[in-house]
C-alpha cells in the first residue's frame, strides 16, 4: 500500500474517532507505519483540531520519532510512545485517545497496575476465542517527563499486550493495521464502559468474572 | 421485492445501527430473508467494519447457513443463530447487536433466565396493546461452541418471543421485515436502558411493575 | 405561511428529533396547526419510521383529529391528544416524544401528580424571567383507552401549562410555533436529565430548590 | 484576519457545539473580537435556534455590548458578560454554553465558590505542563439582574482564569482565538464529566487529587 493510501486510512480513522469526541481539547494522536526497515511512520502533528481534515495533520518521522523529512510541522509530544510501540510489537497502526471511561478505569485500577477482563464476548475482537479467554491492560503512572512516560509504557508491553492505559491520560492501543487498531480500541472502550456501569449498579465485585461454564468469583 | 431491494434495506439498517455504534469492534451481524421455500437469506460477511458500506457486506446462504452461491466471502460465525430464527419464527429480518445496556441486562438477569417488562408504553412496539401487556426476553448462557449456542438460542424461542439475549453477548432480535426488526430492537434497547436507569436510582425493585389501573408490586 | 411551508417546518423538527433517537420504535408523533377557525392541523401518520422523510409522514385532520381530506393514511392513534392541546391552548405546534429521562421523571413523580422546577437558568426558555420563577409539569396516568388518555391530558392543562407527562409514555409539549415547541421540549429534557443526575449524586432532596438570593429547601 | 473570516470561524464553532446539543432551548451565546482599540466584537443575536446557520446569527457590538452598527437584531441578553471578558483578559473569542455536567458541577461546588482540578492530563489543554499543575474555575451565583451577573462574573476573573461557572447557568470560557476557546471548553467539559462520574462511583472524595509522584489526599 502506498503512503498516500495509508495517509487516507489514518485520516479516515481520525475523522471517525473525532466524530465521537474522542480527541477532547486537541488531545490524542495517531500513527501508521510506512516502512519496516528502517521503521518510519506518519504521526499526528502537534496541537491540531482533530475535527478538521487538512494536509498538515500528519508528518513522517523515523523510528526515534524525529521528522524524517524537512517540515515546519512538529510531531506530537507523545510520538516517543508510538516509536516504542513500533519497536516492541508488530503494530502497523497506533491510536491514543482520551475518553471519560478509559480515564476512569485507569484511575480505578491504577494501584493494581492493570485490569483483566473475562467472560465477555467482545474479547473475541482481540482474536481470543477460548471459552475462558481473558485480556489484560497494564496501567502506568502519568509521568510529566515524556521520555520517562515512553519508557514506562514500553516496560509494560509484553507479547500479549494490545494496549496500555496511562493514569488519567487515556489509552494507547494498536493493531497490525488501521482496521485492527480501531477494532481493538472499540472493543476496549466497550469493556471499560460496561465494567463501570455494572460496577455502578453494584453488580460487579473485583475484576474476576464467570465463564459460561462456571462462576469463578462473583 | 427483489434481492437487490432487500440488500439495500439491510444495508440501510446496518448504516443506521453502525452510526449509533451498535457494532463495536466489528461485532454484530444482520440478515434478511430472500426466499421462503427453501429458505435463503443474506447475512453479514465475517469480520467487516460495519461503518463502511461495500458490495461485500453480505452473502447469500441457505437454511443451514451455508453459502448458497460461489463466493470468497465467509458468513458470520453466528449465522447458525440466524438460521434457527428463520426456521422457528416468521421472521423476515434478524439483527444481532451489542450495546452496553443489553449486555448489562443479560448479566443482571442471567440467573433468572429471562426478563419481563410491563407497564411501559413502548411495549406497543411489539403489537401488544393490552393495558396489562407484557413482553419477556429469554436470556441464555454464552456458549463458546457456536453450534451449542445456536441450539440454546433455538430452545429459548416460543411463539411469543421477539428476541433472545445471550449473556454478555448482545441481543438477537427479529421482525417480519427490516422495518419491524429495527422497531423491535429500538423498543428493547429503550426498555433496557430505562430499566437500568430506574434501578440505579433505586426506584425499581424486581421486574414486576404497575399497570395504569393498579400497582402490582412496586 | 402556507401549508407547504408548515409541512417543511414540521418535517425539519421531525428530522432533528429523530437524529437524537427521540422516536424509539416508531413511537412519538408531531403536529402543526394549519388553520384556526375551524382548527385543522397536520399530524403524523401512524406507525412510520421517523428517521425517513417522505410525502406520507403527515396528513391533514380536523379539530376532532379526523382526516380532513381523502387519504389512505391513518392519523397517529394519539391524535386526540393533539386535538385537545389545540382546543385548550394557543399552541401552533405540538410534539410528543419518548426519552429515557422524561419516562424516568414521569415514573419518579407519578404519585405526586406533577414536578416543579425552580432555580435553573433554562426556565427562561419558557419566557419566565423572574428570579424565583418556576415551571410545573403535570403527570397523568397512562390509560390504555386513548380517549380516556386524551381527557386526562386535557384536564391537566391550565393557562400556565406548557407540557404534560404521561406516566412511562413520554412528554407532550407545545409552543406557538415549531420553533417555540422545540425550544420548550429541549428545555424540559435538559431539566429532566439535570434533575435525575443530581438526584443520582444524592445532592437533591425533593423538587424544591434555591433561588439565587436564598436557599429555600435544600 | 477580516471580519468575514472571523464570522465564519465563529459560525463553525457554533455549528459544532450545536451538533453536540450544547445550546438547549436556544440558550448559550458566542462572540469573537473584531478590533482591539476600541474593542468591537461579533456576538450572538438574541433567541436564535443555534442549529440553523443564517446571516443574522451575529451582530457587531462595541465594548459596552451596544450594537456598533444599525441593525434590527438584538444582542444576546448576556452580551455584558462577553464585554467584561474582553475588558479583563486577552480573549479573542468567548463561548457560553449549558451542559448537564457544567450545571451539575456549578451546583455541587457553588457553596465553595470554585472547583480545582489536579492530576489530569487534560489540564495541558490550558497550556499548563507542570507535573503538579492545576486549574481553578470560579463559580458565581446566578443573579437574575444581568448587570449584577456581569459584575459578579468580572469580579471572579484573575490572570489565571480561563472560565467562570454561573450556578445552574452554564460556563463562560474564552481563549485567544476561536480554536483556543473551543479547546478550553472541551477540556473543561471533559474534566467536569470525569469528576462527576468518579464521584458517582464513590472514588473521589474532595477536589484534591494525586500527582504522578505522590498521593496528596485521596
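When the chains are written out, they are named A, B, C and D in that same order, and each has its own residue count from 1.
Here is the rule we use: a residue touches a chain if its C-beta (ideal position, glycine included) is under 8 Å from a C-beta of that chain, and two chains touch if they have at least 3 such contacts.
The model shown is predicted, which means the values in this text are computed figures rather than measured ones.
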Q) For the sequence-identical pair chain B and chain C, what is the superposition rotation angle on Cα atoms, to the nearest 5 degrees? A) 90
**Q.** Whole-Å separation of chain centres (CA-atom averages), chain A against chain B
**A.** 30
Q: Indicate the whole-number Å distance between the mean C-alpha point of chain B and the mean C-alpha point of chain D.
A: 43
Q) On chain C, where are the residues touching two or more other chains? A) 200
(Q) By the document's touch definition, which label belongs to this structure's chain graph: line, ring, star, complete, or other? (A) ring
Q) Can you list the residues on chain B that touch chain A in the complex? A) 21, 24-27, 49, 51, 98, 100-101, 103-104, 107-108, 141-144, 166-170, 196, 199-200
Q | Sites on chain D touched by chain A in the complex | A | 16, 20, 119-122, 124-125, 129-131, 179, 182-184, 186-187, 189-190, 193-194, 197-198, 200-201, 203, 212
